[in-house]
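One structure is given here, and the rest of the page talks about it.
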């Protein structure tokens, strides 16, 4: 198994190099660089712009820039310099990654908690009214653009607060400045955690709704397949109670691919919750990435992609290991 | 006698192909039927957008921005039913509340006529026509206006633009899916079919095999030789630029390590040119590529690529470029699944049977392997299209997709977005494009779901 | 024991010598409370030598001092860290007296060493500070020297009118000095630096920073300012920037009472705020159309066009006047600015009262006049498609681009293109990427030609016309319509450009305010007459405020340059 | 006899010499070849014109691999394959096509070997289309009808789909397809093992009839001796990638010379109650083809094994006229 893990980690290198080269080339093809926007500033003269380019190494040939960056990553674990923040990339992206992980992690939890029972119900009561209604609901989440849904939720929050006459729901953001009259950084950690959880209610609902449908459908399909298997039929024939059949025999086997899929969620975590973060002012990866793209902050983009590649491989590896663990039929090869 | 009966019974038992049976199952699926029906209506609407819309796509009324839907009257002052008519509407900003106020002036009634001559257009892009569903002289003379679903921030008729926009939104998914599918299926097929069968990349000039290779077919061989020399040369040049640039800025340990590495690579390239026979497995290359694409989160890749779209291009070009980007981001997943399917199908005995018969690779792929993936393809297409529609609306939302004055549902919805809370409180009609996105995606999903059930190979025959 | 004695004696001496600045507030305030605003983006750094964007300088300006600024009531220079100054030598020398007793929050005095050090570092090309242009006058450096601990002297190569309002930030020498020598200035005071290690010499000091969320500053107790009753300022206990990148979310935050000040962008936002105030959902006020913002938007034609016909056409003043006649500014205000704004005719922003004049050539919206002017240029006939052609049959046509994503400019460009097409000019409007636009505009080919036709772009205006010399002087890097190569003046120059160049030089070097006004009035007239830049419309300034904040200007005093309050030091929270 | 002689060329249609097929197993961090599955390990035999050669062995003995390698459906690792005196081992694809017409295969699984999306007519006509035979579509349809009749199916079924037929009928379709191009040589790869016993005889009879009628040469692969006895002229017995014994059908049944053949034969129930046969039960499992036993591969399960068996790899040698065996012991059986 260690051999297998080592091999998978080695595979990381070509994927990592390939993905970063791809990103690097794409960004370089786009017109301009991080300094271009200063050219329209009447107070900045030409020499200053040239000096900035030199300072950031933007005057080097592109392959050399890439080599320089790569050597930084390999030799110093240094993801480069953010041209926008003028500090190291890791410090720029660390917090957004963590914030997105909170949001996506909570949403995933919610998805699993809701989707599995719905999927099971839909499979057991296939084509019943309940199945149809739940299917419809699941599709609702899939069909509504999540940035649009997020906006609706934002106004919903305002409406609720107005009618309640108090701040029942937060209007965007991730934290409050004051917790019970104390500045945030002086508040106990439990209060801070609760505060983040409270702020995450609406974005989590939005993100979870859009991700729910897929899982419900997978769960339903898995369950239907397992329920038609011989051993389930045998169990029924033996006179095992229906609930036992469903929960003990069928469910256990139906969730196997879902369990294994958990590893696959890791790269999803770095993808962040997409435009929901933008609309809901959640300080996650997507706003950071959009900002980096518009500032052509090349190494921040590269840094995000590096981390995401790493998480992808680790996630896939984790999936495979989990799968081998939950499913005795699978061995490493 | 018996023979006759048998013949007739055979006629009655007309054998049904897999797809015919699937179609029957599909029709029994109520939600799928509903989805299909709705989509049919939407596509017809898109096709006949010019006919449905009273105005051309880009026609704007700058003094009538954000007009609410024009009230259509069915009764005259005495409450008697009459032909539908509208009144002239005037727009003013109230300087107390700063809200827009619209007042009807019903001194003159403008009757809505159906199937009228309106502004000329070209149906399907080339047939000159001027038949419009609704209108009247007053509409062309701009004495009064007919905005069934209000106007946007430029005073353009939203009803019409939704149907014009449907052309983009409803086809972008199909085009993007088709292109992604094309790339994905092509790459996936190559990958799946050639897995474990490496192809020769280059032969070293001093390799004994090279002489044989050249002697077999001199001219094309020499051409190929030049090609791979160019490849290796280009690679060497790139490594050299990298190395020299790196040395220019770095000293010490790293420079040494990179130097050794770089020189090593250059030597390896020289060696590759001279001696070995290098074979590559297309499967490995393609799968690595998809892995690389998968490593970059979709939204990131989409955004980064969108920045590449040259902006000084006509809207039609932009549309196709958006399509290209969407499909570029998504072909990897399709290719991977296709590869899996093909690896499975390749081992099916009927594929081997065809090979044993002497069928060419392309025939085996196209006649025996690809048709086996059809059911999967159909389902994944119907389920991929809504994804693309969503992706397009997302791109348009952040301003990287379709651009004005062209329209797409995503773009139209971004107007509501730009309006913020006003859109909800005062201008709810701006949200209608969102409703269309929602309905279209829902319909595609219902249809896909129905198709999946119908095409399930395990379904009872 | 002895040391404590010495220390307390020093403190007493400090008190005796203290020369605090008096901040004259709008009303009497009370101490305490939190002031909350939204910012569209995070600060990038807390380092004054590295900062380039307002999201950073807005924060830095709250904790670092500067010598002089302008007085918010009269827009004339006034001392901040400099208690007084003396102009000698026909304006070639300025001697600044610093406030004695001013201290950094770590107890060190703020003195001439800090000023000289900061001036040196800002001016050093290796540091690459954004403020460097404040230390170079037409290529020659301004010399800063220390006279004594509380006196510094600046020697100008020539008289420079805005010398006293160039507010560059003074950084503590005892923190930055070593790093400067080691060439490591950028490593200090980054976002990673613990906030308590960043010392303050301004009204506030950093209290906490969380990326993507907020920056919180706390009152600096050792600040050297007082109000007119000699109470220490700032009144506010805290100043909070919340990062809200979405504009609607920022409005929502204000409507929900979660931010204190807001400037409504258009009539719809005004209407929303008004409605919320009326319905009792928000206790606050809004002043629609209180002023005009300083930003400008204009169309610039390329006089260095590769196609010499086009270059020749664009150089025709009649052509540009025709284009000016095609500006339906009323529609632009309604559609592009959302109902509130003013037409702009001259290069100086409307709120800059001391220089602005309305008495310039104006070009009313009149397609007929435009058509007539074009006819004079030879475009009399229309071809089969309805486009104007000259005698040789060449269609009157040009591309108009603006930076994609700027909603206002995109709409202005569309309106202009629509109207131009109506009289037969084929205007191909396209939004393009900002960087690409900048490249087209600012990077001529080796032979001096550029390849765009027309660009709709804007510049952030400001209080001081001299700061826009880069645009108006012949060798300026933003002499957008007729750009020279490599910092030289363009090859072919019109006479009015030479006149403008001369006026700009005069304006910058004349010290007498009345004479300066005269110069700039003439400058505005020349520009409006020749329309090298065809100005469009300027959005209105519609400030809104939450009622819990006091110390703000009453309606009449609000202007878009100063904002809603004279000094942040005298703003206070009412509850 | 396995050695090629001028006379052998005249009488042998197919000749296989020292055929090896190793499937590499990759492993380790760098995914190098760490081992080989020696599916076919040095096999030689020939099939005479007009003869049916039975190829028998347990599953995993490599008999199917031999069958497919002979047809070049699998590329051999080494060795030579001659067809009609011509070496086809390394023939490039275009040239191979001409031979494909002469050699056909009938598959084991009648369900998997017919494309479910094609009608019977299309399936049978496909080889005609590929080799451009029978010219017009009309002629092709007639030929298909003729073939259907030949294999005992109703020619009216030409438009039906495979799923509408029973297993036996489908195997007939498979046979018709193989016969369509009028081949000289057919590899019947366990053509009846997937069928019900009652149907097996029908299909074997059909093949027998067709062989006589059309003068076919057949390599008949099966996993038990009972099936091949009836149809084969000669039989080769394989074990773990090697031929153990090769003899005429009669000789082999009457007097098996190899302990493995003896064990296989003892498993066949004999209808004659008077004949008493000792039932030999093979001990243990078939060893892994990755790491086959040294010397004689069968020695681990051979009840006659002696020490030398582990040291000497037994040659396939002629122990009686036309009777070959690969066993060093002549003192048994």
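A, B, C and D are the chain letters, set down in written order, and residue numbers restart from 1 in every chain.
Heads up, the rule we're going with is that a residue touches a chain if its C-beta (ideal position, glycine included) is under 8 Å from a C-beta of that chain, and two chains touch if they have at least 3 such contacts.
Just so it is clear, the structure is predicted and the values come from calculations on it, not from any experiment.
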Q. Measuring between mean CA coordinates, which chain is farthest from chain B?
A. D
Q. Hey, which pair has more contacts between C-betas, A-C or B-C?
A. A-C
(Q) Measuring centre to centre with CA averages, how many angstrom lie between chain A and chain C? (A) 39
**Q.** For chain B paired with chain C, centre-to-centre distance based on mean C-alpha positions, whole Å
**A.** 44
Q. Whole-Å distance, chain A centre to chain D centre, using C-alpha means?
A. 55
**Q.** Inter-centroid spacing, chain D versus chain B (mean Cα positions, whole Å)
**A.** 50
Q: Would you please write down the residue numbers of chain A that are in contact with two or more other chains?
A: 30, 151, 155, 158, 278
Q | Sequence positions of chain C contacting 2 or more other chains | A | 248, 252, 255, 433, 436
Q: Scan chain D for residues touching two or more other chains and write them down.
A: none
Q. In the complex formed with chain B, which residues of chain A make contact?
A. 14-16, 18-19, 22-23, 26-27, 29-30, 57, 60-61, 63-68, 71, 75, 132, 135-136, 139-140, 142-145, 147-148, 151-152, 155, 158, 213, 217, 228, 267, 270-272, 274-275, 278, 286, 289-290, 293, 301, 304-305, 308-309, 312-313
Q | Contact set on chain B toward chain D in their complex | A | 7, 10, 15, 17-18, 348-350, 352-360, 363, 367-368, 371-372, 374, 461
Q.
So in the complex, the part of chain B that touches chain C is made up of which residues?
A. 60, 62-63, 65, 93, 97-99, 153-155, 307, 310-313, 399, 403-405, 417-422, 425-426
**Q.** Touching residues on chain A, where the partner in the complex is chain C
**A.** 30-33, 36-40, 42-48, 51-52, 55, 84-87, 91-92, 95-96, 99, 151, 154-155, 158, 161-162, 167, 171-175, 177-178, 183-185, 278-281, 283-284, 287-288, 291, 296
Q) What residues on chain B touch chain A, complex-wise? A) 31, 238, 241-246, 248-250, 253-254, 257-258, 288-289, 291-300, 303-305, 307-308, 386, 390, 393-394, 397-398, 410, 413, 417, 421, 424, 434, 437-439, 441-442, 445-446, 449, 458
